[in-house]
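Below you'll find a set of structures to go through.
Presented sequentially are two complexes of subunit A, the first with subunit B as partner and the second with subunit C.
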Partner chain A sequence: MNAQKHTVTALVEDKPGVLNRIASLFRRRGFNIESIVVGHSEVPDLSRLTLVMGGDEAAVEQVTKQLYKLIDVVKVSDITSDDMVARELALVKVRAPSSARGEIIQLADIFRANIVDVAPEALILEVTGDEEKIGALLELLRPFGIVEVMRSGRVALARA
Partner chain B sequence: MKLSGAQMLCECLVREGVVEIFGFPGGTVLPLYDVWPQYPQLRHVLVRHEQGAAHMADGYARATGRVGVCVATSGPGACNLVTGIATAHMDSSPVVAITGQVVRSLIGKDGFQECDITGITLPITKYNYLVLKAADIPRVVKEAFHIARTGRPGPVLIDIPRDVFTEEAEYDYPDSVDLPGYKPTLTGHPTQIRKAASLINQSLRPVIIVGHGVVISRAYTELRDLAEKAQAPVTPTLLGISSFPGSHVLSLGMLGMHGTYQANRAVTDADLIIGLGMRFDDRATGKVSEFAPKAKIIHIDIDPAEIGKNVRVDVPIVGDVAAVLRALNGEVQQGRHTEWLAQIDDWRESHASDVVPDSEKLLPQQVVSKLYEVTRGEATIVTGVGQNQMWAARFYRYDRSDAFISSGGLGTMGFELPAGIGVKMGRPQDAVWCVCGDGGFQMTMEELAVAVQEKVAIKVAILNNGFLGMVRQWQDLFFGKRFVATPLLGPDFVKIAEAYGILGLRATRPSEVGPAIERAMEHDGPVVVDFAIQPEENVYPMVPPGGSIGEMLEAPQPVRSRSSARGHRA
Partner chain C sequence: MNAQKHTVTALVEDKPGVLNRIASLFRRRGFNIESIVVGHSEVPDLSRLTLVMGGDEAAVEQVTKQLYKLIDVVKVSDITSDDMVARELALVKVRAPSSARGEIIQLADIFRANIVDVAPEALILEVTGDEEKIGALLELLRPFGIVEVMRSGRVALARA
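Our next item is the complex of A and B:
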């Protein structure tokens, strides 16, 4: 876990334009955001987002305060120093002619990745984990020829 | 009760206590204009440019503390509001802007006079709405007024498509708002207040910096109590002016780039800064790494995001300034800072910043200080930005609270005339003087027609130097006297006034200033006075941009004598 990176979660009202407001805030104030993920929460009409950002404590504090200032933002928590569960999902399309397929499937097993699509010359792997785990799998797959990667960015919850 | 969207909007405005609405009609707001006559309690003021509508609403709001309302049509009308909305946003002024939008089926199709005004105003409003069904109008208006005037006030825009104005729905005005993400903190945290009191009680060289928040919170008495009890001198930011009596013995005069010598030195030498309702703007702090280097900082503001944004803070307190001060004052002990105040007096005497120069030629300082004399300090002064603003800030003594209204944060040229009209409509009993430069006046002088049509007896003082003066001053001091694009050919402002049917006066010599102002005050109606001032006069002291406020350029020293600007001190 990179100590420089902060994980902030927020509950926001599920209204048109809310993501635009948040993105506009980051752009305007020059905040450097590494990833942002938004989805429905357990509460109707509220979405939960996870964002990962670099920067010092003061920068994170400003982001938190500026987020709070948005009318549609209900709650913001910097959970970096909390005990938290953080995961990322990646879909990896990798070149897999029959000669290489066995080895790729072995790697997928080790990383507990699922093979979600099989084509004559390629496979799509679905893997979840922290950024390091996904990075490690990508490194191992690279020699086979990675065609496309889609990473979700981090989602996180503080432990109960 | 079923009503059209337009009728609902008017019902809601009436419920919110709106009287004046500053606006300009057009295609998409026609259904709204069509129902005005059904609501005689609403007075529509027809502006000449939508920017004027936004500034009038802003001026009205600042003068009354109530929400100012402006209306424009879609596309260009809405876009013309933008400068005014941004001005209100930077200065935390409660404005509700209502814009028409193209019919719902055309949104996103680049229809005639369509523009994404909610997208455009996203970063310059406190919140904004695109209303997609008439039934939402009551809730949206209720929320908009609540958001605009509570917490740290600010502008809210409501964009309404033309066919939503004509759609009928059941009208029911809500009693309350439900905004789970919006709960401003009003009372300060008791532990923080105790910490602040303890710092104040231990301090040897305290300085109170007051900002617009003190005016918005109407915390005048509480501020005075704190200053007198702690024996702490007070310096306002530009928009903090007139929150503390200018002739009070603890008044330092304005802080910052064009602040007084004693204010800037006191802040630099202070061991404690108490920032009240202000945001440590760069024009007030100068080079931020050298700001108040010896001081601990207490920062009291209603907006948590302001705390720690620009300077490190030792004791932050989030809350309404008046409420926090009431709690704080109870814990502050009677202070005595004889040495510190003597040091400040010494700076004040040895580097007199606020002395009106004697001159055969007409100087702007003479105009403003004469304005103070003739109006006996009882006028409300409204300015745009530039040299005229600085002279108006420094050479009128504000003993009355809330008597200085100016575009501070955005620094908008042309704010003064339309804002002044809004101020005068909000406070008809006040003498309202718009202090303009010849450049700023030419940006919005079309609004003189509004003063005539609506019989708004504002007085306009043009400090006419034939230059874009503040830009010229920077060219003079920092760009090798290369006066590019700053010499300014203006019209005959007396004739301009007369063309509008307004009394126009001119003063070209110091002896003509008093009589011209007296004549303007006696005249029952709007007046424009053209003061032909010395073109090369600069504003001093000046902290060079990017410099530390402890290091100021002072006026080149011809013989200067003391005169009226600081006469009687309390």
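Our next item is the complex of A and C:
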């Protein structure tokens, strides 16, 4: 599955509208963007983004070229073929009456998820990992009743 | 600082262009959006997003109304005044020659960060927490030499 996906990181100027310009560029061109994640970088006034897109090498080259044409973009790297660390953050609210709590906590332990909220009838788990790991945990939690899921999309860095 | 910020979550249809439409809405209206994070929700074909914005109650009401006008938006909630779980994911590549490695690993332990990559001259740490916690870790790592930071922006869920 990952073979068809490309992970691109970019350093961009942290101005209002940058995300919008990037998103509309991709929309206009019909690129198949699966996720865009943007956050503060190590440099003041620059944000770093991780973009996951479908398509072949040529599509990624096009995207890279187009990104460089946006003056607000400082650097673009396709790190797909590099060895990379790719993670996603998920918050999962799951139905958990006291009778089910033990089993859910056990699953959380196995997946190294943190219990970040406990209520009489529900728990919120925080988990990080690749998409497959998060998908596997969600599958195991589904029978208990998943109330809400908030996921971040993929963030990635090339290994040193 | 958080008093001036609002955290809004929304359930939106998972179609190409939704993020773009939301981003351009905000740009056009001049709303002060600090971050938007979008990921798969618990419902197939729906994404859930977390949006952090500046401004007063009236601005948030305007945003909520505008979001509902986008047909692709299913539900919008301002969870600022609710008790909420808010987290951010950061990957941090830090210079770590063997002489510094021990001290960095110690800091990682204190912040419950995971070491996700080890190279001769660098480590990659994965950490989750609120913006302040991540900022504090970055400050402590700065003297070692931060090579790259990739952050997700805030993801949030209302507590049960």
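Following the convention adopted for this analysis, the second predicted complex is superposed on the first by the 159 of 160 C-alpha atoms of A that agree within 3 Å, B and C clash if a C-alpha of one lies under 4 Å from a C-alpha of the other, contacts with A are read in each partner's own complex, and residues count from 1 in each chain.
Methods note: a contact is a pair of C-beta atoms (placed from the backbone, for glycine too) under 8 Å apart; a residue touches a chain by one contact, two chains touch by 3 or more.
Here the structure is a predicted model, which is why all the values come from computation and not from measurement.
By the touch criterion defined above, A:V12 lies against subunit B but remains apart from subunit C after alignment on the C-alpha atoms of chain A. By the touch criterion defined above, A:L137 lies against neither subunit B nor subunit C after alignment on the C-alpha atoms of chain A. After overlaying the two complexes on the shared chain, residue contacts for A:V74 are found with subunit B alone; subunit C is out of touch.
By the touch criterion defined above, A:N20 reaches both subunit B and subunit C. In the superposed model, A:R87 lies in contact with subunit C only, and not with subunit B.
By the touch criterion defined above, A:I104 lies against neither subunit B nor subunit C after alignment on the C-alpha atoms of chain A. By the document's definition of touching, of the two partners only subunit C reaches A:E42; subunit B does not. With both structures placed on the common chain, the touch criterion links A:V116 to subunit C but leaves subunit B unconnected. Between subunit B and subunit C, C touches the greater number of residues of subunit A. Once the two complexes are laid over each other on the shared chain, residue contacts for A:E61 go to subunit B alone; subunit C is not touched. Within subunit A, the residues touching subunit B in one complex and subunit C in the other are 16-17, 20, 24. Within the complex, the subunit B residues that touch subunit A are 118-119, 122-123, 126-127, 130, 147, 179-182, 303-305, 307-309. Those residues of subunit C that touch subunit A in the shared complex are 9, 16-17, 19-20, 23-24, 26-27, 32-33, 35-42, 48, 50, 85, 87-91, 93, 114, 116-117, 119-124, 126, 128, 138, 146-153, 155-157, 159-160. Contacts from subunit A toward subunit B in the complex involve residues 12-13, 16-17, 20-21, 24-25, 28, 58, 61-62, 65-66, 68-74.
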